[in-house]
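Letters A, B and C mark the chains in the order given here, with residues in each chain numbered from 1 onward.
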């Protein structure tokens, strides 16, 4: 194994992720001040409501706006706009697959910071348990469906424009992320109509729920995220992939233990090679936690870039325990 | 306890000691070129098993464990010393026969026999403040009450028989937490993050050392014989952990040097054997000894006295006590390939993986007579190995030395057949 | 199940693409989307200009008959000259066979004097606005559907929405009204060409074809920015020259693509044209971008300029959409400040429309001792009057509540936090048994 590869496999993933996420957060939440604009098709929550600082817009916002066009336009020439927007979104997405969630999403980063705060305070986390997990995992697909259907209903005239961008109205990103650039305008309840009242009320409630939930459960919101559902549906052509070699797996369950999203399949499924599920955020903690060489690995365009090794596992465990340089 | 052992003989003249001496002499003297680092271990066994050196630590409570499924890190974290009670002496097997039916597991009989001799049982650990008895196999389960009748306080550690379900996982985590509470009451200490962290670090270091040894045996030529490694892992049962780890690391360094020099501890073309089944515990290293005296080399094992005890490593995500305890619990349940579970998919996969990984030529499957679970699994394991084209030798035996002659014949025949197959294959390819 | 969802996701874009290719696009339907079309619809697309004129004249007569029975008497006039006869008491310009603007001028002094006297009818005030004619007959503001979109600065959409289909391009239509009270101002006829200043600064004339209906001009709005429309009228009234300039500034219809903040602020800057004899300029709010709206409670400054030079002591009147007005004198910088009042009080909360548009009207008048000759007549002084109209909407503070939002957010936080805490406490108690009841 080459020295570079060895160094990569031994990386302190937690520290690497922390700095990477911090940089991505700074870029996406404050990049607008430096006139950075990455477009309107970003595959993670670079919130469009953060008008001063955003470096690009989360794709869901323009998607919902586009889908709310009147049907003759939407199924006519305006459909081209939807397709090009989606195409651009797809191109962005393919590069990192769901790694956008685990490494770049500002809302995800925020949740990881809340988790860090909780750890520092010594408060233990909560888990869903298998039954709740299996039930709640469908919520994200339901939200995705609603997010697409409600704008279509607006376009068809069944609902008024007050129901526009329905997911954005209830998304905690809209409420929380603009606060980072000093914009509290999203903290209001809009009484101008029933629709806006319901949506903004829900939005604020969910924001409160989000803060408490993310504090107590790792990556709380990601479990319900419709962007995550959308990602999973188009994940096939992605370049970054999480792969498992079932033969090398001892089913020790370490990967499941550290998984923020409580995905059992990563430990129990020995058949599938492409082990990324709909809940996965590709945070790669599982790969870092696996002591069996080669059982889990990360591939970019079929090239192995990071895999589980004994040495890496021991280094990370010892670092985590506060001891460096374990002797072999 | 029979009268024979309470005669006014020096300890090393007792039957138990004699048995250990015979085995140890075979293990050391029948082979040339033992690694220098093994001297520590030979000496250790000599002192403990033959001279009856006392191992007890009067300032710390001692908690006996009858199975590797009890979390030893927890015991250490409370400041107690874990003592593994599984015993390999035929002498104690005979003593324990009073307590158990005729055809039952020799290991449990020996354990009971040893426990019966509270003061002088070897290894001489002295007073046991608690025995934790995981409810794994039937024999151990029922032996718990007998231990209580001998006067030991016993904690029944509730271990699930199904490992796939969520309910089992949660049940086991609760068991471990209850055990932690019991330990807290026993030692009067609180489980703090630092103590648990230190305990896990100690064990992790030991596990890392074992992994290093394990990895060095992967390829031919073999740098070390299996009998030595069984001794090393058996020493883990009773030796001071820090000392053991250092000795193991010294062994690793020596083996690395041997590897670099291309040293071969076994014969050329020695058949590489994977040993699986009921655990060989000193002095009952009968089968590994026979295999290696017959010219084979045990390159890997799937037994709870060696590989299973030290191979898997627990992971911790957040260094908070609640999570660390649950992580430990998961580590003791999920990768376990003990046959006491309902299904043995994981064990069969592990066997296949080890055979492939270590380039093994054959598998020797030892089952103690009376060990219902290992005997029952023989069928499915044989089928799996057969389908994979791996020869397997199934041996049902117990602690008595009477069948050594017959076994040695069978083993030699098995090894011969392996050699023949290899020659044919090589010849066919040439 | 997952496979079905994936299939649907991949098929949907294909269906959209197919629909896009197959659809003809319906210009009539598209064009009609934002322009209010009266019942009966537009004339047939292949009608000749004369037929179109006749069609519109017929409709105007019907409308007049419907809204004002008295005007039906003048139906013949309407038929000939396409002018809506205002009813008695509303003041207005009487018509004759010539329908000539000059006649309008004779009564203008009366109106002008009335204005100078500081009271009385303001009927002669001409102003331009992009607020379309109301058909329902209800006075007052305009509901939000057609004109302008909500949202703050730079709220970008993927692709600009346009009222018309792609083959026509975005355009805007501006109407001429008479009457100083926006509530009761009526559309009027005129024949002057309008001046259009596009965002880049170029000025062009917009010829208006006399079609017998209310005066309106339509122009394409391809660029982002403000389009200024001016209507100049000079009339000789005894020994004074009346110079009337009606101005309106409109933005392109629909939202634009990706305007950066700085760019939007640049484009929003007020413009004036020195060739125009008199004009009112609305000073922009702080940080105003291209789509910033005026809200109730905003204090807006207007500057009166004559050929680019500020005019002091001009009489400036601000009229709100419901007819409230305030008159001040401009200061030495030509500025007059007004507060935009709220005059939108729907009967019930349910009827509140946050996009409700009202149109305000600012008119300025002053006289200068310029003398000269015009169209064969001499004049000793010049009276200038300028108008500017604009739109104002409910502000965010009228319907959004921070305190309620924070309360609900806090409620969510507390609810979840206490839920978790209570759940954990419950779990620490002895293990709960499952029991069956018969």
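The rule is simple: a residue touches a chain if its C-beta (ideal position, glycine included) is under 8 Å from a C-beta of that chain, and two chains touch if they have at least 3 such contacts.
Bear in mind the structure is a predicted one, so any value in this text is a computation, not a measurement.
S.K.: Averaging the CA atoms per chain, pick out the one whose centre lands closest to the mean of every protein CA shown.
M.R.: A
S.K.: Once every inter-chain C-beta contact is counted, which two chains account for the most?
M.R.: Chain pair with the maximum contact count: A-C.
S.K.: Specify the chain most distant from chain C by Cα centroid.
M.R.: That would be chain B.
S.K.: Distance between chain A and chain C based on Cα centroids, please, to the nearest Å.
M.R.: Chain centroid spacing, chain A to chain C, equals 44 Å.
S.K.: Could you grab the centroid distance between chain B and chain C? Build each centroid from C-alpha atoms only and quote it in angstrom.
M.R.: 88
S.K.: What parts of chain A, by residue number, touch at least two of the other chains?
M.R.: Where chain A is concerned, no single residue meets two or more other chains.
S.K.: In the complex formed with chain A, which residues of chain C make contact?
M.R.: Touching chain A from chain C are residues 2, 5-6, 9, 13, 16-17, 19-20, 23, 25-26, 29-30, 33, 152-159, 161, 165-166, 258, 260-261, 349-350, 352-354, 394, 396, 399-402, 404-406, 408-417, 420, 424.
S.K.: Taking the complex as given, what residues does chain B use to touch chain A?
M.R.: That would be residues 164, 166, 170, 197, 200-201, 204-205, 208-209, 211-212, 215, 249, 252, 312-320, 322-323, 326-327, 330-331, 334-335, 346, 349-350, 352-353, 356 of chain B.
S.K.: Quick check on the complex: what are the chain A residues that touch chain B?
M.R.: 119, 122, 124-125, 129-131, 247-248, 250-254, 257-258, 267-268, 270, 285, 289, 291, 310, 313-314, 317-318, 320-323, 326-328
S.K.: Taking the complex as given, what residues does chain A use to touch chain C?
M.R.: Those residues of chain A that touch chain C are 35, 37, 40, 48, 51-52, 57, 62, 65-66, 69-70, 72-83, 85-86, 126, 141, 175, 184-185, 187-194, 196, 200-201, 204-213, 215-216, 230, 233-234, 278.
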